[in-house]
Amino acid sequence: MISTTPFADAIANYKVIFFDSYGVLRTYTGAVPGVANTFDALAAANKHFYVITNDASRSPDLLAQSLHRQGLHAVGADRIISSGMLAKDFLDLKVKTGIVAYLGTEDSAHYIEHPGLEALPLETLEEKDFGRVNALVLLDDEGFDWVKGLNKAVNLMRRRTIPVILANADGAYPVNNQDVGIAIGGLGWMLEKIVGKKLIRFGKPDSQIFMYAYEQVLANLPGITKKDILMVGDTLQTDILGGNKFGLDTVLVLTGNTLPDDAETRIASTGIAPTFICHAAVI
Amino acid sequence: MISTTPFADAIANYKVIFFDSYGVLRTYTGAVPGVANTFDALAAANKHFYVITNDASRSPDLLAQSLHRQGLHAVGADRIISSGMLAKDFLDLKVKTGIVAYLGTEDSAHYIEHPGLEALPLETLEEKDFGRVNALVLLDDEGFDWVKGLNKAVNLMRRRTIPVILANADGAYPVNNQDVGIAIGGLGWMLEKIVGKKLIRFGKPDSQIFMYAYEQVLANLPGITKKDILMVGDTLQTDILGGNKFGLDTVLVLTGNTLPDDAETRIASTGIAPTFICHAAVI
Amino acid sequence: MISTTPFADAIANYKVIFFDSYGVLRTYTGAVPGVANTFDALAAANKHFYVITNDASRSPDLLAQSLHRQGLHAVGADRIISSGMLAKDFLDLKVKTGIVAYLGTEDSAHYIEHPGLEALPLETLEEKDFGRVNALVLLDDEGFDWVKGLNKAVNLMRRRTIPVILANADGAYPVNNQDVGIAIGGLGWMLEKIVGKKLIRFGKPDSQIFMYAYEQVLANLPGITKKDILMVGDTLQTDILGGNKFGLDTVLVLTGNTLPDDAETRIASTGIAPTFICHAAVI
Amino acid sequence: MISTTPFADAIANYKVIFFDSYGVLRTYTGAVPGVANTFDALAAANKHFYVITNDASRSPDLLAQSLHRQGLHAVGADRIISSGMLAKDFLDLKVKTGIVAYLGTEDSAHYIEHPGLEALPLETLEEKDFGRVNALVLLDDEGFDWVKGLNKAVNLMRRRTIPVILANADGAYPVNNQDVGIAIGGLGWMLEKIVGKKLIRFGKPDSQIFMYAYEQVLANLPGITKKDILMVGDTLQTDILGGNKFGLDTVLVLTGNTLPDDAETRIASTGIAPTFICHAAVI
């Protein structure tokens, strides 16, 4: 078993904490035991926090409600930065008119609703309207028929030169203590490889989501620098790599994708080293 | 438009012709016009032929029947070498007992039926039987629910150290004059990337299928050398690359994946050069 | 030949212009003819500009001197953002002590000189000091013996869990009208693949360099938004993809990596579309 | 420590043994202790053997002399199948005239000497002769200046549509108990990625080298089937994967690339399972 730092010690010298959600605050069985106390302690110590998640399946409001149902009442929607928000920004800046087709649930379509744009589930898009599509957004693995949706995505991508946005770069997500489910990121890899066109990826480890969060921090707390921020995550390839590259100190917790027995081997074999390793994000 | 060699001239100096099927003998609209005459001419010139296909969706008998329905009566089942036959050989040699789970149609399961083995559609496999599975075979993109089948494949591959065989390495196949369908090879890429374990691929461009065909040739026509055999295909990355690597001369035809306008650019950009380019495999 | 927009028209509605350097302002034969006038016109129209380059072989001062020698006197060192500056920032934030080993010229070592750090050419690093190395930085393809340097890099990366930074993600660069040279990015791919550890890449298309430039803009011109900025580049995969993803409008010029005859095909096959296509960044 | 089978038990039921060389018969310190006895035992039991190696740096004669110097007198040149022999076969069948340029030592050029072909070290090739080059062969990481040779290879590959053959697919090779050296296969990956053209790879795990060896076996011992042959190797990704795919039973030995402590983890994580695991190829 790897030696770890108490979480209270790890966060002592930082003013703002960034948390990943799944695997850090909650797992498939509910909230990580004791994590609600962490938010009380942060408030008592006057430390700020944001939740930075690659989950684009729902709006920040719905994501916050889901955390509230599990007893994490401290996390308001305004504290959540999701990769879907980056996709939304991209559409605002770069796609002004026409149809934006998507793969995902109705909830996930929140991120592509925008005045001037017509958000359309890819399945209901008719071939005669292919010419009016100005972006395709991959939001969630649920909410559509895989055979119809994925085949239509391949052919839309072949026929049109449009941005194809992947709002969640994760390939799979845990569904119980041993199994995973294929995520929209995994489906996106296949589309990219078959068609030979690069998807535009938003979400950790890409630095754009950290920059987005950092701008929120600066708006609320002028003068904060990167040295004052700590990123807490369970996944080396997204949370830790992305945090490190952005210039943040990082904590790897062992309540999610990285197991206590594997942590040292994985750090050595990937070369991705967190500043601290903690058992859980629990004080 | 690229300059081409008449097919009759291209084959003049060879004793055995290997044909790809889809894109060479037939397309989504039926037999390539005039290709039936080619087989008459081959018979008249006493040249032998084999059809070498990455199609593992059906047995050689059913593949031959399908060609017969399109007027290609010369192609008997004994002339067809499919990538499924390589998968069958592998199971014969390396997997002697237990369950062989598969993704594909009932017809495709032909290739995994073997005394001592229990062929089971992956969808009907129960979790309690995961421990008895000794191989997973990816045969066809049809015949199963993608959400259930692909997710179960990911988790079986994560839990068990067993060979996972991809009997058709193609990522997509044409379904009409502009669109494609995702093939089992495309789905296989995704499984491989998500799980991080290499699939065992059979079919062109891998040399094992050419070797299999060559052994058939030698059994019937002792003394034939590789210099006597010509491979005819429509796809640079499978037919031509594989034929070249095995040491055969090759013909690229322009009735399938490689269009007349693209041929020169694609040959230059991939570096895969056929010995001849012909408009069609038609005399 | 593709139809293009006059450069003066393309830039009319933007307040800040970001230029790539190589292939846009200069090529292997010297300054792009007429490009000096562009800077006069920008000054007259009170538009600001930055040069954003993946060239980490020299300091901004030396990069500016090089442009001055080619008659581009308007580009001061304070207008140049190089990928090396991102690497420097990373070291400032994340690597506080010990040896930083590097591959590159003495000039490129500018980016890793920092109080508290000992910058050392990898070739002069002795094995007994491997344990004191806290980062490896890949800066330039020149300045070291490839056999010794690359083999030592592989073994340092295998033995130590340290960040390995690639300060220039380009794989190759043009050396004359038909040939290229292998860049440090190309050497970096090989190290990554052999060792199986991910490099930390700085430079276009990654959004961190655009964010860095954007922060400079905001410091000088408060209130500028992404909609006011135009990115001008010659390479779809770095300049245009990166600019688009960051939310900027983009201009593809045809004086560098993308040739007039190829532009349409490449845009269609990659799916990376600029807002404008201009013959050259010349007014 | 993993539980292993005595090598004598593993080979008991097979008539022909295929050995990898480096990591099985010898290491960087010389012959594996006791392995000479194995060949005596094979002779006594009337079992045949071949050495199947990805080493194309020298002719079979020189490879055999090198084994003799280490006390392995039983291995004659006629028992050695090297990946270079596949490259030689390819040139015999597919490249009849012109220059064959190569990267490697003079010894490695053995494999490209052929009547009608002019074997030329790539470094001595003049640009005016680029048009006469009909193949490029990557044989060994030694014998040429990396900067000049690799850059010239990139530009030759860009300008000419010719087969580029990689006669050794290994990316690196051990040089002592902790370090490796970059092999020609590693350099080849970089060329492939920079130029975007596929190399033609010969050597394990590709089945063509196993087929070549199998043909030698059948010529000497008619009636032998794949079930009678056992492949012994130290590397999962080449020896074991390739042997399994060809339909052979396989032995993993722990004297080379796969260490006793790692073997189980690596088998589970790669999904590549040998039939037997033995401490060493020693009886």
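As written, the chain order gives the labels A, B, C and D, with residue 1 at the start of each chain.
Please note the rule applied: contacts are C-beta pairs under 8 Å (C-beta built on N, C-alpha and C of every residue); 3 or more make two chains touch, one makes a residue touch a chain.
Every value quoted in this text rests on a predicted model; they were computed, and no experiment measured them.
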### Query
Which chains does chain C share as contact partners with chain D?
none
#### Entry: Chain copies touching (chain B, chain D) - same or different residues, decided at half shared
same
#### Entry: Gap in Å, rounded to a whole number, between the CA centres of chain B and chain A
40
### Summary
In whole angstrom, the CA-centroid distance of chain A from chain D equals 44
### Query
So how far apart, in whole Å, are chain A and chain C when each is placed at the average of its C-alpha atoms?
28
### Query
Tell me, which residues of chain C touch at least two other chains?
none
### Message
Going by the touch rule stated at the top, which chains touch which?
### Response
A-B, A-C, B-D, C-D
### Task
Provide the residue numbers of chain B that touch chain D in the complex, in ascending order.
89-90, 93-94, 157, 161-164, 195-198, 200, 206-208, 211, 226-227, 237, 241, 244-249, 267-273
### Query
Which part of chain B faces chain A closely enough to touch in the complex?
146-147, 150-151, 154-155, 158-159, 171-172, 178-182, 186-187, 189-190, 193-194
